[in-house]
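These are the structures in question, set out in turn.
Both of the next two complexes hold chain A, though its partner changes from chain B to chain C.
Now for the complex of A and B:
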């Protein structure tokens, strides 16, 4: 990927990659565990993410021109890099499950209940592949539009729901103890893991490597600001009990928003804004998977890898989404376990190993 | 293998005038408008001269004047008359000492002579001389400078470009009297030999842009350029895209503004449409009025246009997807009204919308092509009578008529017709996607369009800038049109970060300034007050502006408290 993106675009990518799932589906999962303390879990996960991001940037900054796969190639040779490519490709395929759950259930369950699931998958994969063809620069630019849509969506939600907000619903704080919100933060941390894995692939394309740490930090903080208002509003307006009843809690929240009497339902406007963000997320996942796939087979260009990656990811996404119970099981159990293991494993291993292979890194530089 | 024609064109002028006449005649045979005029020089009656020109594209007065110079006057230069200079150099001698014409060139080959004749100049060949004279006599009937038809303004200059390239460049030169303004020329089109001028302000234009424009123009290999769109299509960045990446305008003020912003203008002869590169998508939504009216008014009108753009692009699609798939999103009372209107309609909403859109385009096209008075009648008959009849017949719902009319009106609010056309084109895929897949189709197609627009560049500049990539410094002339005193720098597409203007925010004159003007009194709030009072007020004003330190404030408060206690 020869193109460079600005630090602002990088921050927008972080926000877009996190936002769609984190505001609703994740909050529902957290609410089922810790009730009104979902915002605390969100906060804790973000703080942990901040720490991991720091490690991630340190790892990539060692040789700023190379992504994590090329890093592994420098440190351990081509065979190990193939293994890393394979693990990362599998990761992005797995991540397509929760991403598709977010995309399909938002639209199907609330707007097009009679439409077949395959239709959503096909549209997502075609649109995503089309965007991936143009590369990271175009996707990064579209993420700025996505960011603008997120701001509008949040504003609309605040306007429409502040009237019904009751701060007392947030009490008692730490209802289930102090450890429960920390443990429940794993759901949101799993969302963050997709962002981190994306960064491991795209960070070398970001301009000015000295500013990566600052951009990443601001990206995480802005993401927190955009996301954390949702658990707070969901608790204050819907209550945590109601939030926990829904798979897509944010849609219920959006549905309850109203401005006056005449504009009593405008969730479609909100979902139109949300659509840009979620499609950006789909696109980035496809791009990263294509890059990993191409590196797995030693191809310098990722374009030939778009189609096979899209087919594999689409098929997996379809399988996950087809059954609500299966989707829920994967989302709340296996996805969290696998995603956190892979992300923390790769970042942690590469960080530690960097201390022992300073000479190789220096030579590679 | 060169053809006979090419061989003749490559020939040098011969000293034998008959040979030259034969060659030129053979090249320009079967041309009724070709005039061949024989004459003799006043001072050398034995030397035969022939003048060639094409009637209709020359200025007859200039031809008369040229003949008058050669046939009536004697040269002030004795060498010319006495043939001290050989006949070979006679043409050059006449050019320097006899002709009064402002632009006379000596040519020595047939190609130059023929080109001059075809360009509206006259060619004079002289017996015993292997040189000819190309005397400037361009003329013919031209359209006068008129108000542009396609870009009218409420406030602003009323002149528009014409079909004559020199008139057009003059209109811009009249606005920019800067030595750095350049007008580089080249010819494109093997048959038409169309004159093209590349205009820019050196030092303001970004490095490499002019070279890029020239490179793309030089690559063009075509027989004829009849309108600037030929050039536009041959140099654009995204040839398949419905979005135009080259701006065209009839307004000299718009071109001048573009040049001052560091863009390049391409003038093409025989068309009033001048091309401007590079452009962003948002430039097509901006009109000259934005800058000629108060900045708040300009901003407001700009917002209206942005809304018109959104309506024009999305309204039919949103209506179709709401009524076909997501009826629950429409407020109940409104939904019932729409439903009652659609009760008797036998077609699905998507079909109804497509048919109505096509009919609207049909009416617009018919109104445009027909002679003006009939065109207007067709538009009125079409919109009122057919629309009303269609609703009464139960073919179209009244709501759909409103939607299509609103969409059409919104598309007219877009100042540049190229942009209006591209938005009209992109509306159809969005409509079909929304009508078949509902919200999913709308979001998907909108995303595809957005990706496509984001991926386009116009001569190296991002098409959707300054929105994405976000350029903070260019925001002053994007959603909001900042006042002129607030727009200090040129856009980022210009070279460097050139200061455009350094005028500070205008403020009313200070009172002390007024007091120094020597007048006996100054006006304050509509009343006349004396100088002494004005001085007093200014001193008081200075006192009021004095910075108060927090420590001083605390000390004075403490002192006051102590005094109060005492």
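Now for the complex of A and C:
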């Protein structure tokens, strides 16, 4: 990718990639396991993400011009890089399941129950592919607008729900012990894994590689600020039992918000702000999958890979969201296992192997 | 040329799917429900069915504040009902009688008849929380009257009865005659492992004097807030009166204002009335000898608003005596309510379990399974602290200026 993005855009991408699923669907999953301690799980996952991000930046900074696939090519040759491309392509296809669950269930279940599922998938794939065609710079610029919308959405929600907030619902802390919230943090860490995999592909396009570590850390910390208010408000306003009942807990939260007497049910306004963030997630997943797909077949440009990637991802996304039960099964079980294994496996392996192949890295530089 | 063709084709395809027409609902195709009533009825085959009554606004006759009757029917609402085994079935039947699609998103209130509530309201909670159309902030209440009659009664100053009921709840922070229960609270309380359900109670009361025939007195019925319905699980087991509800609200809501009436010390046939402001309750849970205990501390500021006695604010001793009188009065109100809730109903609607769990989480794990029976036996100590700080606008007592020889 020849385009470059600024460190600010990079931070905005991190926040936008994490936000849509983390605020509601993930919180519902966590609430089902640890009740009112969901904010603790969110915090634990973010601290772990901070550590993994540090490793990730160390890995890419070894040869800052190359993404993780090209890194693997330099270290182990073209065949190994094809394997990494394939694994990463499969990862991004799988990631389209949770992303489509977030997109479709927010819109269809709450606003357009009569619309067919295929419509949402087609719209997501067409709009996403169109943005991917113009490249990372355009997507990153949109994500800056997305960041502004996230701030507005959070502000609207705080104003609309503080009146009904009961801090007693957050107590007692560690109701299910100390290990349960740590274990439940895997759901949010799986959200973080998409962001990490994105960074493995797009980090070389970020200007000023010396600032990567700082930007990544700030991106993670800002994401925590934007996300953690949701489990706190969901517990204090809805209660953890209510949050755990819903697939999309954040929409239930949005439906319950009201400003004064007259401004009720402004979830339509909130969903509009939410839209850009979820669109960023869709486009980045498509972009990264296209890049991996093109590298798998040795193409230098990713544009020819957009269509096949979009068709495969769209088909998988459609299959996942078609059945609520299947979607939640994948989301809470297999997706968490596969996503964390692949992400931690790739980053951990490349980090460790870098110590043994310093000479090759030096030559490549 | 081919590129131009594909680009045009792509844009035309986008036009088809991005028009936002799927699932559209035009406002003039909708029948906006303003209130829902649920009653228990017996079907011809002897089965118990649910009767759903929907109060629907007639837009042509419900315009503005006065309901200028441009529809010429003179009726700002249209009320229909249908009966079926399930709520959804009845709602579908309502649809077959309506010329517009029935739209539930703007319903202000759901009223459940007490006979139906005694059979259990789990299905009602489940139906209304599953429905994406309904607001979670819809008021929910029980009524001893027919819910169908209640939701179709024109009441209050508003043109739409649902709007009037909404107003009753909105300003009930001052009257404190019923809890402000919304669907979201109902849902949370039902799922809670400690707190039982309670709902506001609405009643039709003859309290309106006809402007055309004032000599007939209070003949016309209006909807009034009338206490609290108390549930065990999902079944209604009893009610608290409006007076008892005032004490209940100290535990479960932020209360703005209250009233205390005490007898005059020099003449017991006369009374002084105090407005109680800034009422706060602190619940301190304790665990002694394997049993939960609670210490309640109520603090309030009283304001003298009406009196038949001679009370001046320059007499500190008299003020202190009055404070004790108000404390005793309030103590007896709260004790009566606690007695009813603990001994008659045996259910925790005071969120005591929640407070206990927050302070004693490890002990809570032992008690949570049979919390109601532990709550029933829990000792509750009550401390009152009333400060009489003002006589509103007056400083000196209102006494007659006429001098009479003793």
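Everything that follows uses one rule, which is that the second predicted complex is superposed on the first by the 365 of 365 C-alpha atoms of A that agree within 3 Å, B and C clash if a C-alpha of one lies under 4 Å from a C-alpha of the other, contacts with A are read in each partner's own complex, and residues count from 1 in each chain.
As a working rule, a residue touches a chain if its C-beta (ideal position, glycine included) is under 8 Å from a C-beta of that chain, and two chains touch if they have at least 3 such contacts.
Just so we're clear, the structure is a prediction, and the values are computed from it rather than from any experiment.
**Student:** With the two structures laid over each other on chain A, which partner does A:138 touch: chain B (first), chain C (second), both, or neither?
**Tutor:** Touch partner of A:138: chain B, not chain C.
**Student:** Now for A:245: first (chain B), second (chain C), both, or neither, which partner does it touch?
**Tutor:** The second partner, chain C, only.
**Student:** Go through the superposed model and pick first if A:272 touches only chain B, second if only chain C, both, or neither.
**Tutor:** It touches chain B, and chain C stays clear.
**Student:** Who does A:4 touch here: chain B (first), chain C (second), both, or neither?
**Tutor:** Touch status of A:4: no partner.
**Student:** When the two structures are overlaid on chain A, which partner does A:360 contact: first (chain B), second (chain C), both, or neither?
**Tutor:** neither
**Student:** Between chain B and chain C, whom does A:258 touch in the aligned arrangement: first, second, both, or neither?
**Tutor:** second
**Student:** Looking at A:213 after the superposition, I want to know if it touches chain B, chain C, both of them or none. Which is it: first, second, both, neither?
**Tutor:** A:213 sits against neither chain B nor chain C.
**Student:** Touch check for A:115: first (chain B), second (chain C), both, or neither?
**Tutor:** Touch status of A:115: both partners.
**Student:** So chain A touches chain B in one structure and chain C in the other; where do those two contact lists coincide?
**Tutor:** 111-112, 115, 119, 123, 126, 264-265
**Student:** What part of chain C is in contact with chain A in the complex they form?
**Tutor:** 13-14, 17-18, 22-23, 105, 129, 132, 135-137, 170, 184, 187-188, 191-193, 354-355, 357-358, 361, 364
**Student:** Across the complex, what residues on chain B touch chain A?
**Tutor:** 322, 325-326, 328-329, 331, 437-444, 446-448, 450-451, 454-455, 462, 464, 467-470
**Student:** Under the stated contact criterion, what part of chain A meets chain B in this complex?
**Tutor:** Answer in residue numbers: 6, 8-9, 107, 111-112, 115, 119-120, 123-124, 126-127, 130-131, 134, 138, 141-142, 144-145, 148, 262-268, 271-272, 275-276, 279.
**Student:** Can you check the complex and tell me which residues of chain A touch chain C?
**Tutor:** Touching chain C from chain A are residues 109-116, 119, 122-123, 126, 164, 168-169, 171-172, 175, 238-239, 241-242, 245, 252, 255-256, 258, 261, 264-265.
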